[in-house]
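Working notes, structure below.
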Amino acid sequence: MIIVLKDGADPGQVERLSEDLVEKGVKLYEIQGVSAKVIGVVGDTSLLSADVLMMNECVSKVLKVQEPYKLAGRRFNPESAVVDVNGAKIGGGEFAVMAGPCSVESEDQILSIAKDVKISGAKFLRGGAFKPRTSPYAFQGMGMEGLELLKMAREKTGLPIVTEIMSERHIDVFARDVDVIQVGARNMQNFNLLKAIGETGKTILLKRGLSSTINELLTAAEYALLRGESQVILCERGIRTFETATRNTLDLSAIPVLKEKSHLPVIADPSHGVGYWNYVSAMSLAAVAAGADGLIIEVHNCPDKALCDGAQSITPHLFEKLMKKIAKVREVITEE
Amino acid sequence: MIIVLKDGADPGQVERLSEDLVEKGVKLYEIQGVSAKVIGVVGDTSLLSADVLMMNECVSKVLKVQEPYKLAGRRFNPESAVVDVNGAKIGGGEFAVMAGPCSVESEDQILSIAKDVKISGAKFLRGGAFKPRTSPYAFQGMGMEGLELLKMAREKTGLPIVTEIMSERHIDVFARDVDVIQVGARNMQNFNLLKAIGETGKTILLKRGLSSTINELLTAAEYALLRGESQVILCERGIRTFETATRNTLDLSAIPVLKEKSHLPVIADPSHGVGYWNYVSAMSLAAVAAGADGLIIEVHNCPDKALCDGAQSITPHLFEKLMKKIAKVREVITEE
Amino acid sequence: MIIVLKDGADPGQVERLSEDLVEKGVKLYEIQGVSAKVIGVVGDTSLLSADVLMMNECVSKVLKVQEPYKLAGRRFNPESAVVDVNGAKIGGGEFAVMAGPCSVESEDQILSIAKDVKISGAKFLRGGAFKPRTSPYAFQGMGMEGLELLKMAREKTGLPIVTEIMSERHIDVFARDVDVIQVGARNMQNFNLLKAIGETGKTILLKRGLSSTINELLTAAEYALLRGESQVILCERGIRTFETATRNTLDLSAIPVLKEKSHLPVIADPSHGVGYWNYVSAMSLAAVAAGADGLIIEVHNCPDKALCDGAQSITPHLFEKLMKKIAKVREVITEE
Amino acid sequence: MIIVLKDGADPGQVERLSEDLVEKGVKLYEIQGVSAKVIGVVGDTSLLSADVLMMNECVSKVLKVQEPYKLAGRRFNPESAVVDVNGAKIGGGEFAVMAGPCSVESEDQILSIAKDVKISGAKFLRGGAFKPRTSPYAFQGMGMEGLELLKMAREKTGLPIVTEIMSERHIDVFARDVDVIQVGARNMQNFNLLKAIGETGKTILLKRGLSSTINELLTAAEYALLRGESQVILCERGIRTFETATRNTLDLSAIPVLKEKSHLPVIADPSHGVGYWNYVSAMSLAAVAAGADGLIIEVHNCPDKALCDGAQSITPHLFEKLMKKIAKVREVITEE
């Protein structure tokens, strides 16, 4: 940790600050620059808060040198993690696509889509039972009934199921019934939820928050990893920016950055990232080319409803075509 | 709701879309522009999802005319709400400051600060018992013990207490012990938490999420208000932008916007909004001048600790001076 | 154009607004919603300013249906443009990479790099002579001398040269000496510069501004296209967001969006977009997979300077490897 | 400057880097942390580029301790600057409001408004002759004719005139005719324009770019100040964020930050910052409360045009009322 002092900082204050730091067991190295003075702090700085240090009148800036995560970082885990969910593997060279509808709507719907995406090569079935909706007046998902339909689809297809948890109160049910527990962008910093799921031993799909930095995503993963029970898959799903032509801005550069900083598998969610079906194929291929270990893609199937018609009714077909291109891009990326 | 169709949209698809909409009980008005065709949708559009409509190949854009909130909006509640917490009032012309330490640290600390801020004119005591911290290795607050100290401070000073809830599992305790339950920025869209607190009848202090729009803040409030039991105070506390000179960007224009769109009380949190003590006074006064119904300000008191020294030890003194200026600015703003 | 009126708007004001609009030659269609009233405006709305309309007390929102560009849009130019610069083609199925150093530094440097990138398959040589630098104390480029060195490199390799213009005063020189005139992100809305270059007939490489929307990029291109003399290549080069792990956030979703809205060639600049060499290969491949018509990549060559050593000295070698992978990804993307 | 090395950096590379730095005349201090090693660089670091240093494979981060501006900074100019334009003063305790129409439209219009705002206490007349418009099809201002009308209004009222420059080619005319040359947000980093105006000796009103940090605003000012001829007034006018309820997000915290870092006068532009007339009064008062040295406000006067009617026709009247409140808030802020 580096502490930059203010020009003309009061020597008495600096001395008190230094004494207090030394008392906490760290070593100090002072560097007198042309105008500002800098203190290098060496040792276990995990208990020193930059915010608290900034409250000293003599301090101008505090710069952290070490990353604030260990279990989620590659520094202490040089080898890429392979997450294995009932035989479906992702990370460390294993590539996997999770596919399925935004919301589970009926038995017919989920079964039909599950079979289609399995044939096309998806390794996991995704589907929302509990839906986080901005408006309380919007459809909130089928709830427990949706979970049952997902389980039925799993039984029929053998695909592990991925679905989002919305409440600490559902942890027991999810730990029993779900293969991969998804923590959505809105709950990425719901720390109590993360800690509680981390104790279940279930694999967690952790989505990046809309305004969360890559560092914050990794420290959120750290919360879930601390009990040592659960595995975590990281997911880039778009951040919020000023651009409105897409629903969010899919930050694909997060993929190589995360792969460098962390050993955990990293996937992308182009469906939520861009928000419009016609851009999903392009962004799926781009995510694979950027080095993603997998994708999570929404696939719909609603041939006879006007509200979801035309191009949409052939989406399992588009998914099939996309999966073939994904495989080819993946091949180019991974060959030496 | 306005649906803009694509140029050269397939007439069959448009017809199916129209039939489906009419089936849902709304009326349609078509406008043929020079290039694009537009459909105006009149009636109860609350069940129509823009996202689902966008999935139609023939649709180019969907524009919402109505706001997606009712209970939180001024349209149906023209008169400004006065929130009354054990006699401490805020909103509808009543101005209130909530003050206290970031974290409750000890009996001495909280009692001393509570007395100081009460003398200076604060109407509420704030203090963190459960702290949301980016890093799992940082101090997470005193927890239940902190709550007990807050209750003791309330008993000694008569100030209602405001403190943040982090978990659905704590709702019963908070409903029993706390006067104003704060929902932090990270949990603004933790909808299950909002619904559960909304059933307790307790006043909620709802902070705007780091990347939440004003509309999203109001629809989050709607979740809490739906049961009709609780009152809500809205709080602008800074949004995340590219600027790093301040911790967040305090969006003071949200104050007049919220006051126009909603009848609920609106306060600002300059402490978290800017993140540096030396800017808090300026931004407090600015928030009052912008029309805020109140402020929530961190006040520290740590005279003999090097990690929190110098200017910080006189902070209750600065708070006292600030409160006098706040009163004068408030007077200018409210006079005819 | 759609005008949403306020609830309880004054009928007299609405009537005056309507009369004034009709006087401007447009047709009006009124739709009375449950609460709000909406006016559809049909005809030539290019002279109606949403900002001016918003100044009417009775207006709540103004929504534009038509895009504010014509020459840059695909609507009136359905066929993708092929830009041809002395035989080097880009767009409409033609793919091209522009490569070279950030700044021209010496004859040896630019010649050596130019030869290397040509051998690896680059179609254009890029290099900065005039450099936009945040700080006035930083190296501002070699200026005219740099231009001369670029011309020499063009003569030796046959590669057309791409370089950034910083001043209206240099337009004559650039029109004479440069093949593709680059307008940097900081000047994307320097409209007088755009108009002046648009008159030279030279091809323009227009980079997206750091905080510019896709629509603004296209309307900026419209300024340059209005005289009908010049061709424009659009370039996504990263937008400014809260994320600091990369210098900017490369918005690759802008590529499919731009390809849909516009017929102009679209390239990506991964070097500036991410800012760190170790992420450039991944993001180059991702941009190609997303459908880019080309790339602009910085290639350095400084084997014996400590300030630019190690991995950097082999960068032409990395570029060679990257170009091979780019070709393969491009093949996957373009095959039926 | 602080250079953080990578874990396991190659010692040979670190040595070459160190030698190269020492050759440039700076002193190095090494600190070996628990994992990472840090090099403190002391001396004249103005020629060291963080970007170039980052190109070394062994470097993980580069942290600048010193600010990259001198003439614009308070460090070397502790006393607040008072800018004096023909007797109209701003900064260093002097407060001034600049007011007038967005665009100059006619002699009647500009004269009438100029007189009105003068009576209400404005010290400067603002008005656009050359307008930067996103769309090339929008009204681009009256140009030179507008300048003549502004001069006439100056003659009649004695108010110095403030107007925006769009082109380097207009510098001579502006230097002759205009009192304060405004550089708009889109041109904040048009460095050649800044340098050229800086040579005229005219006062510059420098607006913050839509995505510019406070540091970038100050380094842009540095470009203009380097010749030592011109004075600069800094202007916060809103930054671009995800929020759409206001046109931009007026970053009022920039005011105390700029006042701390710089001795130059700082004003706010609430009109462009929020974009809607009904929020301008609140944000004007907030800016004054935050410590602004002045404001620039759009005042319209169009009593008999439907496109600009109702509440708008009384705007000079609203301005008059606002100016009285501004004076009172200013009084509260400045009293001891």
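By letter and in written order, the chains are A, B, C and D; residue numbering begins at 1 in each of them.
By our rule, contacts are C-beta pairs under 8 Å (C-beta built on N, C-alpha and C of every residue); 3 or more make two chains touch, one makes a residue touch a chain.
Note that the coordinates shown come from a computational prediction; the quantities given were computed from them, not determined experimentally.
> Sort out for me whether B-D or B-C is joined by the greater number of C-beta contact pairs.
B-D
> Please name the chain that ends up farthest from subunit A once chain centres are defined by their CA atoms averaged.
Most distant chain from subunit A: D.
> Counting in whole Å, what is the centre-to-centre distance of subunit C and subunit D, each centre being its mean C-alpha position?
26
> How far is the middle of subunit B from the middle of subunit C, if each middle is the mean of its Cα atoms, in Å?
38
> Could you work out how far the Cα centre of subunit B sits from that of subunit D, in whole Å?
A distance of 31 Å separates the two centres.
> Where does subunit D touch two or more other chains at once, residue-wise?
Expected reply: 211, 239-242, 244.
> Sort the chain contact graph into one of these: line, ring, star, complete or other.
complete
> Under the definition above, what is the set of subunit C residues touching subunit B in their complex?
By the definition above, subunit C touches subunit B via 2, 4, 7, 29, 31-36, 38, 40, 42-44, 61, 63, 65-66, 75, 240-242, 244.
> Flag every residue of subunit C that touches subunit A in the complex, lowest number first.
211, 213-215, 239, 241-246, 249-257, 260, 273-274, 278-279, 282-283, 285-291, 325, 328-329, 332-333
> Considering the complex alone, what residue numbers of subunit C touch subunit D?
Listed in rising order, the residues are 10, 13, 16-17, 19-20, 46-47, 49, 51-58, 68-69, 132-139, 166-169, 186-187, 189-193, 209-211, 216, 219, 222-223, 226, 239-240, 275-277, 300, 305-312.
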